[in-house]
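Below, chain A partners chain B and then partners chain C, in two separate complexes.
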Partner chain A sequence: MAVDTVHVPLEVYRFQPGTDPAPSFRRYELDLAPHTPVLSALLRIRAETDPTLSLRYSCRSAICGSCAMRINAKSRLACETPVGPEIERHGRIVVEPMANQPVVRDLVVDQSPFWRDYRSIEPHLKLDPYHPMPEGKPNPMTPAEVARFHDTPRCISCAACYSACPAVAADPAFPGPMALAKLYRFVVDPRDAAHQDRLVRIQTEGLWLCLRCHLCTEACPKDVRPSERIRDLKEMAIAAQGATERGSRHAVAFAENLRGAGLLNETKLVRQTFGVLGTLPQLPHGIKIWRKKPEVAHRPRPIEGREELEQIYRALGPEGGR
Partner chain B sequence: MQRHEVVVVGAGLAGQRAALAAVQAGRDVAIVSKLHPLRSHSGAAQGGINAAVGAEDSVDTHIFDTVKGSDYLGDQDAIEFFCREAGPIVVEMEHFGTIFSRSDDGSLARRPFGGAHFPRTIYAADRTGLALLQALWERLGSENLTLYDEWDLTRLVVRDGRVHGLVAFDRTNGEFQEISAKAVVLATGPAGRVYGRTTNAHSCTGDGIAAAYESGAALKDMEFVQFHPTALLESSILITEGARGEGGLLKNASGERFMVRYAPHVQELASRDVVSRAIVTEIKEGRGFSGPYGGYVHLELMHLGKERIESRLTEICDFARRFAGIDPVTEPIPVYPAQHYMMGGIGTNVRAETNVRGLYAAGEAACVSIHGANRLGGNSLLETLVFGREAGIAAAAYASTAPTPEMHESDLDEATAPLRAWSSRADGEDPSTLRTELQRTMEEYVGIFRDEAGLMEGLRRVRELRRRFEKVRVVDRSQVYNLNLTDALETGHLLELAEVIVVGAFARTESRGAHSRTDYPKRDDARWMRHTIARKGPSGPVLDYAPVGFTKYEPTERVY
Partner chain C sequence: MKLAYYPGCVAQESGRELDMATRFVCRALEIELVEFPKFSCCGSGFVDEANEVLNVAINARNLAIAEAAGLDLMTICSTCQGMLSLAKLRMTDPAVRAKVDGALRPIGITYRGSSRVTHLLRVLVEDVGLPAIRQKVRRPLAGLKVGAFYGCHLLRPSDELRWESPEEPHAFEDLLAALGAEPVLYRGRVLCCGFPVQFVKPETAGRIAGHQILDARQHGAQAMATPCPLCHISLDAYQAPAAKLVGQPLDMPVFHLPQLVGLALGATPEELGLSRHLVPTEPVLARVPPAAR
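So, the complex of A and B:
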């Protein structure tokens, strides 16, 4: 029995910093069964036509996290991306190294920024010296407590989320989706004694730099849903400490501000986020806007249907709208 | 040159556990690994880790099951130690932060596994290896040690029967480095990639086993290779034994639950060698399915229901959907046996000591032996932790009194000479050509069923490939992440170890556990209840035999 194949043109990023003047794409053409993973295609290129192509790979079953790369612009695992649908959609397969990490060679990137950010959230259990672990016995933990981890234990540290994240690209202070999903895993762990400290610390160290674009959740091959866990962390941080940071104050102010009229009162929002004194440096900017659009200074008139909005707020409960 | 007291090669569970023990003993420790520790193949282990913690279960039953599972080739004294340590070391991993699956009462959930009398396998959904690897790495993160990740081991430096260190190179810049060490722990995993159809990662190329063998360490029982009954058709991705533990059924092309004929008492939950032989027999005798990727049978989970499949077998559900386009909730999974585990390895005792002073081994790279001729599911994760720790303790103790290692200037030159030769050749064969031919050869002649003529032919071919390897050529001349060089190094290791496997299989004229000779179908305790010991000689492996450690379990016929 023969297997049907499709023609697969691959354009693969090639670059060796220090040796090559600039990155380039090399084109390879293969005929492959549609379900063939991109990784198998790349390994066939290495075995049959070009042993100098460099990439990371190991388990080929989406569990070691080695082969994340950008395939037709999306950050994902090469071992579980079949060629067929890519060819159907794009007619070719463009393979590039992950973003937000410097290229070592070809598809291999330097992951030290990713590992550093992961370490920065102190990913290990912190124990309460007054409540030691039960001697010789496992800690009890109910299935409901296990369920609170959601899918964060499935993380394989592949860094696809890190590569997809625009906040990582924009601000080195943002630890990235994986580190925050990992932080969440420790915050909900009943064995960890440092929930409060972890939440307080992350409020000032990057939590609010997340842009809520959900690209991490889209990129994650393991359904860890980092953006949802980041949202949970924000709620927990405000619940634990109140809205003490610019980011959390902004979130709370935004929700309350909107509740009144159904439209933002931007002047008030700035004051609530930055505080009265903090608003002063923003004044020249505000004046500029006011000159062009004087209506921003007015209190917005309530919109139609704001009663329905109120119902939504009520349904969301006391933490609603954040 | 770098200097450390204890150097651990390999950063999977065994290596990390060894490193932790050695650091806790106050030694200066380094880990050398070709992968980042979290990318180690330990993370691919799915089903679980055995510990007899249930009220109905007992350590004695775990011992008996393991001895029987080993087809009486496991060392009973070692197995007793191993099973006694199981409970405490699993609890320790829980305290380190492992997120295990739980029962309603909050205790560690357990599932039944092949060859075990009681549900004894503690698990974290179907990603137990990943859960343990994360927890151990995160625990190790608060300790002070040096990590050389993405470094390839080139050679061990052994003189006067004692280890002095090793030579390795950093993939990111191609620099060869000497690392002097009073003690070295090899925890480099198996050489599963001698076979093409394998559940093992591409990185499982037996680097540490080959390095030990080349420097005079004795290998043990290398002919015992486990084939996992249920690998996904074509990709050979592992479908955990937990799938059968949860109630999955094996069916042939006529829809018959054929395991009833091969293992009337426990059917699908017979030991792995038994189930693998049954599947191959069904296919050979025309009762399997056939297709472009060869013969296969069906693994059915549908009757378990969507909720149970998706919650307890999350990863394999994903695998089947993504890699085979099969939804296990509504369709059977096409499976065949594939190489999965090496019972053999670097010969050690219970303290993880090899025959070379200062050299220790643990995990799948080692052979204590607790698995004998066939490993039970759930015992390998346990082995990595129990003997990883033993190796770390023993290496640290030895290093605290060992003399200063003596690295010579010539060591670096000698270790790197072959690699430089590969890279300076104008023509020659690519390592991947040789690797592919080796994998086909081993599958055809040294697979699940073996016989004299086939093994003879296999040996001839492997030796021919070894001759061709002398002219291997590395075309990539870059210093940076030169995978072509790594390919050549790994292929050399695979070829070396394949020869040991075939020679051992040829000599062992009996069938025991995973070693099944159609020309010698019976187990022969009078002649063969002994370990194969292989040492490197001038023209291939030199075999010797050693007695099996015996306490009280009399060998009987193995029926499931």
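So, the complex of A and C:
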């Protein structure tokens, strides 16, 4: 059965550091069936037009995670992105290497930062030396224990989430969505003996830099939903250790603040999170804001039915929700 | 049209200009706002980090208040919109529902999930409709190049919120065009403003906000507009520290969504609280021709 083709203009990022003065885009035009993956289009360019085009790929079946790149600004796998819908939406396909990792050549990036951040969470089981796994026998889990993993074992380490993450871009202290989703996977693993240590460590090592923008969850080709597991980690870290860091202090302070009047008391929140001394550096700019918006210093009028809210807090936390 | 008005915390305090503008626009477009002094804060994503079930319960209570009046609920904040929508979704999980119902029952609150959660932007585009708005424009924002800035929680997680494409939304740009303005497309319009880490690491938050403002400017924006008062805090109230962090002078007026609608519908700057911004809006307004008499 013959399929109608669409005209596909591709603009592909080209750069060879050390040789090219600056990155540039080269335009290629192909006629392709709409269901053709972007990866197949790139391989055809390489085979028929330009053998110097560099890219990384392997399985072509969304399993190996090698061909992640930015296609029309979205980080995703080239092997499972068909050209048709892209052309419909954008009229062209702009292909760039992943972000947040330096370019080696064209679409190939140096993934060292990604793997370094992954290693930082110690992605292996830490068994309790006093309770070794039974040798040569499986160590079964109950269905309820397996369910706690959610979809984290499906991760193929493609780094699309790392490329999409604005926290990774803005702050090298943030280990990235995949590392944290994997960390979650070890924290809930009943065979792992280091839950507590892992939660304590990650509080100071970037957990609270997540922006909960959900761009990782949008980018993930396997629906691992890293942003939601990072949220789970935050709640578990508070439960394990209390609010010891500025991020956890802020989350708990917010919950307590809201308990007061039912509405946010903005100035009090700053004090609760930063402490009296920590508030001082905020003051000069705070005064500028206050001049325009004096209500920042107001105490909000309590909502009606505040006692209902109080009952909800008594039933569900913040101290004993789970 | 009659809606339960959920103003959220910021619009009742430091972002009062957003509330003023919302009321002007709704009056002009005959949207009746029903107020409920019982509404509490949505938790702003922070309570969710501390205790997910508590966060769902707080918002189930808010939703139940609107339901009891038989009204759909309208937010004016991307974050409130996200929190209330996600609470409604989490309440479809029987385990969460049981815990939350268990906390609401003793205080006589029944949650049914019958009210729609919508945002002012959606009401304007989907319910009022752009043709009706176009008809009421008295001062077209002619020639004003505006970069819309959506706010994460209006768009993502997209499979749960099920509204516009999280990559290429266009409702806001369509609205801006209906007001006579020229929408500017830039990648940062669907990205984060940095607000969630404003209290964790202000310098990281500032760098993120600064980059989005620079991105909008590089694409020709003379002003930005946002449907989220938290984005407004990052982009306007903290623009000066952001400029220092990105090492470039920034001078980008940032409007709340209903302020631009209000201007086009003939409101005065006073009625929209424009003098309450940290970055002055006058230079931009001077470009817009006055309202036709």
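The criterion applied here is as follows: the second predicted complex is superposed on the first by the 296 of 322 C-alpha atoms of A that agree within 3 Å, B and C clash if a C-alpha of one lies under 4 Å from a C-alpha of the other, contacts with A are read in each partner's own complex, and residues count from 1 in each chain.
In this text, a residue touches a chain if its C-beta (ideal position, glycine included) is under 8 Å from a C-beta of that chain, and two chains touch if they have at least 3 such contacts.
Computed from a predicted model, the values in this text were never measured in an experiment.
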**Item:** Which of chain B and chain C A:M133 touches, first, second, both or neither
**Value:** first
**Request:** State whether A:L215 touches chain B only (first), chain C only (second), both chains, or neither.
**Result:** second
**Request:** In the overlay, answer first, second, both or neither for which of chain B and chain C A:Y57 touches.
**Result:** first
**Message:** Tell me the contact category for A:L283 with respect to chain B and chain C: first, second, both or neither.
**Reply:** neither
**Item:** Contacts of A:F149 with chain B and chain C, given as first, second, both or neither
**Value:** first
**chain C residues touching chain A - in the complex, by the definition given at the top** = 9-10, 12-16, 37-41, 43-54, 57-58, 61, 99-100, 102-104, 106-107, 109, 152, 156-158, 166-168, 187, 191-192, 194, 196-197, 199-202, 204, 207-208, 211, 237-238, 240-241, 275-278
**Message:** Can you tell me which positions in chain B touch chain A when the two form their complex?
**Reply:** 35-36, 38-41, 43-44, 88, 90-91, 94-97, 99-108, 124, 127, 130-131, 134, 138-139, 141-142, 172, 201-203, 235, 237-238, 290-292, 314-315, 318-319, 322-325, 430, 432-433, 436, 474-476, 478, 480-484, 487
**Request:** Going by the contact rule at the top, pick out the chain A residues touching chain C in the complex.
**Result:** 72-74, 89, 166-167, 170-171, 208-215, 217-218, 225, 227-228, 231-232, 234-235, 238, 246-248, 250-252, 254-255, 258, 262-264, 266, 269-270, 273-274, 282, 285, 288-289, 292-293, 295-296, 298, 300, 303-305, 307-309, 311-313, 315-318, 321-322
**Item:** Of all residues in chain A, those that touch chain B in their complex
**Value:** 1-3, 16, 18-19, 35, 37, 43, 46-47, 51-55, 57-66, 80, 82, 104-106, 108, 110-111, 115, 119, 123-125, 133, 136-143, 145-146, 149, 153-157, 185, 189, 191
